[in-house]
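Order of writing sets the labels: A, B, C, D and E. Residues in every chain begin at 1.
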Amino acid sequence: MSVPAAYYLSLSALLFTLGAAGVLVRRSALIVFMSVELMLNAVNLTLVTFARLRGAVDGQVLVFFVLVVAAAEVVVGLAIIVDVFRSRETVDIDDADLLRG
Amino acid sequence: MSSWALSALIAIPVAGAIAAGATGPRRPAAARAVALAAALTALGLAAWVWITFRPGESALQFEERLAWIPAAGIGYHLGVDGLSVSLTALVTLLVPVAIAASTDQVLERARGFVVTVLLLEAGLLGTFLAQDLVLFYVFWEAMLIPMYFLIALWGGPARRGAAIKFLLYTMAGSVLMLLAIVAVYLQGGRVLGTPTFDLPALLGRPLGWTPAAEALLFGAFAVAFAIKMPVWPLHTWLPDAYAEAPPVVTVLLAGLMAKAGAYGLLRFCLPLFPDAVRAWGPLFAALAVVGVLYGGAVAWAQADMRRLLAYGSLSHMGFILLGIFALNVEAVQGSVVQMINHGVSTGALFVLAGILIARTGRARTDAYGGVAAAAPALAAVTLIAVASSLALPGTNGFVGEFLILLGAFQTRPVYAALATFGIVAAAAYLLAFVGRVFHGPLRSELRAFPDLRPREFAVLAPLVAMILWVGFVPGPLLDRSEATVRALLRATAASTPAPGTAIHARRPGMVP
Amino acid sequence: MTAAVVLIPLLPLAGWAVLGAWGGRWPARVVGTVACATVIAAFGAAVAVLRGLAAMPPESRLVTVDVYRWIAAGPVVIPFRLLADPLSAAMALVVAGVGALIHVYSAGYMAGDRGFARYFAYLNLFMAAMLLLVLAGNLAVMFIGWEGVGLCSYLLIAFWFERPAAARAGVKAFIVTRLGDVGFLLGIFAVFGVFGTLDFTTITREAAQRLALGAAVPTAIALLLFLGAVGKSAQLPLYVWLPDAMEGPTPVSALIHAATMVTAGVYMIVRLHAVYLRAPLALDVVAVTGAVTAIFAAAAALVESDLKRVLAYSTISQLGYMFLAVGVAAWSAGMFHLTTHAFFKALLFLAAGAVMHALGGETDMRRMGGGLGRRLPRTAAAFAIGALALAGVPPLAGFFSKEQILGETFASGHAALWAVGLLTAGVTAFYITRAHVLTFGPAAAPRGDAGAVPHDPPGIMLWPTAALAALTVAGGAIGTLEIQGPLGRWLRPVVDAGVAQPVPGTASASAAAMGTAYWLPLAAGLAVSVAGLILGWLVYARGTVRGAAPALGTLLARRFYVEAFYDAAVVSPVRTIAAWSAVFDRRVIDRAVTGVADGLGRGGAALRRLQSGYLRHYAAFVLVGAILILAYWIWRP
Amino acid sequence: MDVVLFGITAICALAGGAGVILSRRPVHSVLGLLVVLLSLAVDYLLLDAQFIAAAQVIIYAGAIVVLFVFIIMLLAAHSGEHAGIGAFTGPAAVPVVVAMCVLLAAGLLALVTRPVPAPSGGGAGSGPVPPEFGTIQDVGRALFGRYLLPFEAASLILLVGMIGAVALGRRLGRETTRT
Amino acid sequence: MSWHDLAAAAPETLLVLAACAVLIQDAWAAGGALEAVRQSTAATWLALAGVCAAAAAALWLPSSPATPAFAGMYVRDGITRLADLTALGTAGAGVLLADPYVRRTRLPVGEYYALVLLSTTGAMLMAASRNLIVLFVGLEVLSLPLYVLAALARRSTRSQEAGLKYLLLGAFATAFFVYGVALVYGAAGTLDLGALAGAPASPLLGGGLALLTIGLGFEAAMVPFHGWAPDVYEGAPLPAVAFMSVAAKIGAFAGLIRVFPEAFAHLAPTWSPMMQALAIATMVLGNLAALGQTNVKRLLAYSSIAHAGYMLIGVAAGGAAGTGAVLFYLAVYAAMNLGAFGVLLLLDRRGVEADRVDDLAGLAARAPWAAWTLALCAVSLAGLPPAGGFIAKLYLFRAALGAGQTGLAVIGVLTSVVSVFYYMRLAYAPFAGDVPSDVAVRRSAMTGAALVLATAGVLVYGILPGSLTAAVQQAAAFLK
């Protein structure tokens, strides 16, 4: 492991922040969703890095579960987005403001 | 020793409430009858307890003790002593009075009304009987809810605001007391070894407070009780609540609930925090005096008879507070008796106000005039109740206020002297009330004003009898509380040495 | 004996209970009979008590009756104790006697009134309270009576409650006397603080040991108790209620506001003379107050046009005399004047009542006259006897008691006070002559509405009047001019009990050594009284002197602006304070509370606006939370 | 060598990430995401996580991204325009968002760039690992051994995904009402 | 895996089996219909049977001493048992409450119940987890069905919006959670909670715990991670809200207990201030924001935020007292919250949910028992005796004062006074005013049964809380 772990971790942190920024700035539900996927991937990088650092496979196991969760969330999420789109003809989350106060 | 009487006393109103609730929505008379029967049964039992109570003993009698939540140190512990035995009887006396008086004054949803009143009675009785801090608090808060509904559902036009104000104000005070109760419990656990909420157990040993902690906890308890009484300046829920509640409910509010505050001061603050009581006594005495005079002055300026009586109540509760913090036997005895007296006389006055309002629908005194000509019996009974409120000798009010002022004069002469002017203020506002309503030319629209009906007279008769009986023969009442009050004051006079604060100078036994 | 003592207040009390409960349904005849019977029986019991005491050796004339243990709380143990001694027995006799006469009179005066039963119930209750006050064995029991008579006074002044003026006057009387009662109560508390008891015999016995002569404590106690007396007995500055109290039925004025209740203050001071003897300063205050009140009220009576109010000011003035007497420690002189005043002032009031009875309730002297004296000859004669007694003309009762007071004052060395008293005597003679002349004399305004022809009242009203007239004529005999007259000797066991050793400068000490100084004041007093009478006659009957200084007239008519001063300095400010307190309560105290609630509500509304419905905002909350928590962990303290 | 490779992947990943959040068209965002996924897969290999790298390519790049593309195509067929970058409710919000992100990144970097505390036994962990580390056998043993419970539970997650897709995806009898 | 493992996890296993059975039965019964109108209650009974079986298992399985299973991934101890029973009670009530609603509004019955059962399983898994991976998977098994449930009323755009917001924000929070797990793993080199118990403090570990808190705090609706709650509560179908409002809390707080007072008890001085700050923010915001609400669902959403704050007091206090108080509170909260939502489920305003406070007017005249139940639950939620809410708060404040967190306790009691204002509006509404013309009362035996259960719970916990108190004390006794 010739690349310092901190590099990977920093990359991960930056990617995580990018994802979070995407959630904050994008209005398309789809892209918000992709941003969340970006964040999860960033976390995965951290996990894999630590797994390597610790020489233990637990981190990688967790990455596996994150993958599973991401897949399931995407399935459910996209179903909801399609549903929303069917009734509103838009996936702009700023239009989803019936509920407030 | 009967070990069921007190539980039965609490259970009877609850059972009565259930039975009255089961009478069905279309037979209000039946509900009233059932409720009245339950209330009278409770009165009978309370009277039996009162009569068989052994005066001269400071210890708890009719004690009942069951494990309730043993894992948390909370017990079901009931008992009466000199402080509570008469108050318990008063509760059971005023509740049937209120229920009977409501027959003519509360016409809508009568079943719900009597059910709620009975639940309130159970809460009140529990408050006066509980000897476990948590049990006490449970009843203390539990009685708020029926009272909230009594005001909010059967009150005047601004009832909701008044009800929620009453509820929030009283709760704001009492939740801090809850924390203080828990703190006492924790400290008790440290000192006694086994944490418990049992009051006698906690009083068994000095809890070894630091002065700051004791002052804080005393403050938390005292504020809760002060709001309930109420003590100036924590009183502003009172005029709204008293004025908006139906007068028969105000009978319970002023006659009984306010007493819970004064009772709490005596029952908890004095023995639990003796040092703080002595240190802060002057402040409370000063607030009492302000309350006496301020309440009297503001009452004088009121046009609504319920508000007038409400501020008058504030003034009278000031006397009770002054008596408590005089910290000598005669004054505290005076306060204990005055709690009963105020319940009876203010109760009677609000029943009378209710009768007036029920007949005309008007609460402002200037809507009346010359009623004594049309209703001489009503005027006469009012006069007796007013005389009691004025503390005229020969009425119960005198015994209480005389002892309070006499006792307070020995320890705090300046405060007592100022408070004595409260009797002038009382004369001013009460006679103004009598003058505006009963005297002067009879208004033409009041020509057909009916005099007291037999049922109304029957409601008022026991109160009038109490006024005169206690006025001339206060002995049985005083005897029942004397030993307890003595013991209480002994406990208050004794300092609780705080461990590790030996340099902390002990204050002298009595603060002049 | 014991039973008789208890019966004295109990009988009228029973009368009250019976009349209060059933009187309304009984015919007037039965009501009147019951009411009078109870008081007459009480009078009989009082006579029995007096005779019983008289039968005892003078030193042991003391009977205490503990009816039951009344109040007991800690060190405060107050039995319901009655005390019969020469003082209380004599006073009870006077009260019950005058009371009985006035009860009888009332049966005629109030005939036909709607509130007949109520009136007698109140009157009986008053008798019970007054007799309890007199016979009380301790201060607390006395206070029952003290407040009881106050309550009855309120009820009877406001008896015709449909008249706003009457209702107002009742309230005023009650509140003003209550103001004095504050002092009385505080005095009681202080007495308890010093003696540990409120029992009169104990106080009298131990006063000399427990109270240092002239010290602050006895002075304070004496002055506080005197404050109660000032209120009850309508002395300066708390006299203002008594003139207004004339709104009540005239027999009430006679009984309560002339003969009995208003003298309670004097009686109380005599009862507690042992305490007062330890406070010379307080005694001086009492004397000065009495003297000033006497001249002040007499002056006020000069210009009053209402007959009853003239008598009211006269009462105030005469009460001032009594306080002057007790202020110079002439206890029995005070009691003597109390007694004679009860006779002649009640007589005057009853006669005035007869006039009102005849004129349909008219009290304004300016609308009387017109030969009323001829139409009501018996009434005019009765009034004249009373007036002469008041003026201090021998051999009527008033002469003896007044001269005794003036003599004692002079003998005690209070020359200035004596001079004031003397002047008052002249003014008194003047104003009562004026009243008689204006009421009964020939020179009068014509009566507008000639109703029924005025005539003397019926017998039931005349006989009590006659009895009082007789007492007024003969009453002087009980005291004579000597301080050691029959009354003085009778009271000696009481008034000497508090004297541990003779106090220099007081009347008791100097009483023995009067000698030549005795006749000077007597002559002066007599001369001044007669001069006053003659002057009054000249001015009002003959019209020889007219238009005395108008400025003084206005000043007098306005009673030296005392009432105006009270309105401006006390009543209005208190009313303003009350009104402002009510506003303060809503706007400040309550607003502070509702302000918290409003603030919370506004806070909640603001927080709810954060809940914008935009998902990205919620994500931003999460992010902000994350940043804050991370910051905490990175820079954790 | 590794550092160079890492540098390339890092640049690609960050560029891809920026592409995800800045692209006007969703398709470009998906492509950006794909770049990130593949870059990370390379990093996983660098970190001796062969199985994860493979799974990344298969599950993420293969399945999830395809699903995204699918949905984009589906929606695009109905609607021409797509929601772009939106400001917060006010113009002042942009610097706020930027500041928040900077703060978050700073916080995370502050945490991860400090020396990692040593675990019990072993240095900072850059040492060699056993050859089977990260292989499918290695991960598989863990999954079916110690991590059997979460593995089984993961099936529940997928079951829920299935139920959700079915429940939310099937056609409704009537038109949706806006309530 | 051995029989021992399966036996220890029998409650979860039984629930999963029941969920599958419900799905199969549903598919069988529905045939090819897209939106079948169900008359049969078979699915309901099946789900209930599963819940009862799981509850029986949870009751009878030994929990003391703690039984580890699945190679230390899973533990069955007192905490697990209490959380399981509470969660199963919630699931049972959730099923009972849902039955008439789900059939009336033609929600997919089988899927609905299956999701409820699976979500409950997730909460139970979180309570039983001894490993952060299990905690993570449990969290997902808990929350993913909730997202679907929120969006299940597909005819309603509000429901869709609720589902969308819940899912997107949930995924966002999940990312933080996993990041947190990753950092903890990096700092300590292990995911095992038992092994983490000795981990030395480091910024990395702290950061991990911080991010972990975000994920759990999101599910628990703690401020500032609460944004989803009011909107989702308002939009999601009412029975789903009733269920999720409790189930999510059970899972989240069980997870918090497993991580903070249990595993990181030794770091309490460092995380406790954070928890206190969160508790204060949560109590204050939840209660204040609820003050002016006129929509009952939103009002109860803010209320649930506030209650998260109260439970956080227990977490912040930590130790046996704090943990026990949280467990007790969860049980009481389940009863009173389900009771309050249950009464709403009786009402129907022309086919939509009657969720305005005004819709409750005059209920006492039409359905007195429902009115009394609502009043009782409101009183309990407000923390007033004689209801369970009082005892629950008493224990929380005792824990706080015992841990020396006086300020927290003071803010706790003061905000609960504020809460009385809006709870009393809820309690008062049924007894006053005129019946709105468009609101109908839909009586149902199942709803009634759920309400009876909730009422009994509230009263028993309030009046005879001795056995539950002893149980939580015993469950938490091993914590110092």
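Here, contacts are C-beta pairs under 8 Å (C-beta built on N, C-alpha and C of every residue); 3 or more make two chains touch, one makes a residue touch a chain.
All values derive from a computational prediction rather than experimental measurement.
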Shortest walk length in steps over touching chains, subunit C through to subunit E: 1
Required minimum of steps from subunit A to subunit B, each step between chains that touch: 2
Chain nearest the overall Cα centroid: B
Of B-E and A-E, pair with higher C-beta contact tally: A-E
Chain separated most widely from subunit C, comparing mean CA positions: D
Remotest chain, subunit B as reference, centres from CA atoms: D
Subunit C and subunit D, separation of their C-alpha mean positions in angstrom: 100
Euclidean distance of C-alpha centroids - subunit D vs subunit E, Å: 29
Chain centre separation in whole Å, for subunit D relative to subunit A (CA means): 5
Inter-chain centre distance, subunit A versus subunit C - centres from mean C-alpha coordinates, in Å: 96
Per-residue multi-chain contacts in subunit A, two or more chains: 9, 16, 19-20, 23-25, 27, 29, 32-33, 46, 49-51, 53-54, 58, 61, 65, 69, 72-73, 76, 80-81, 83, 87, 93-94, 96, 98-101
Subunit D residues counted as touching two or more neighbouring chains: 86, 97, 100-101, 104, 107-108, 110-112, 116, 119, 147, 150, 154, 157, 160-161, 164, 168, 176, 178
Junction residues of subunit B, two or more chains touched: 168
Chains touching one another, given as label pairs in label order: A-C, A-D, A-E, B-C, B-E, C-D, C-E, D-E
Complex interface listing, subunit A residues touching subunit E: 9, 16, 19-20, 23, 29, 32-33, 36, 39-40, 42-43, 46-47, 49-51, 53-54, 56, 58-59, 61-62, 65-66, 69, 72-73, 76-77, 80-81, 83-84, 87-88, 93, 96, 98-101
Of subunit C, residues touching subunit B in the complex: 20, 24, 68-76, 80, 118, 140, 143-144, 146-148, 151, 154-155, 158, 161-162, 164, 167-168, 170-171, 174-175, 178-179, 181-182, 185-186, 188-190, 192-193, 574-575, 577-579, 581-582, 585, 589-590, 593-594, 597
Interface residues, subunit D side, partner subunit E - complex: 107-108, 110-112, 114, 116-117, 119-120, 145-150, 153-154, 156-157, 159-161, 163-164, 166-168, 170-174, 176-179
Footprint of subunit C on subunit B - complex, ascending: 165, 168-169, 233, 235-237, 239, 294, 297-298, 300-302, 328-330, 333-334, 337, 370, 372-373, 376, 380, 383, 387, 392-394, 398-399, 402-403, 405-407, 409-410, 413, 416-417, 420-421, 423-424, 427-428, 431-432, 435, 438-442, 472-475, 478-479, 482, 485-486
Complex contacts: residues of subunit D adjacent to subunit A: 1-3, 6, 10, 13-14, 17-18, 20-21, 23, 26, 29-30, 33, 36-37, 40, 43-44, 46-49, 51-52, 55-56, 59-60, 63-64, 67-68, 71-72, 74-75, 78-79, 82-87, 97, 100-101, 104-105, 108-109, 111-113, 116, 119, 122, 124-127, 129-130, 133-134, 138-139, 142-143, 147, 150, 154, 157-158, 160-162, 164-165, 168-169, 176, 178
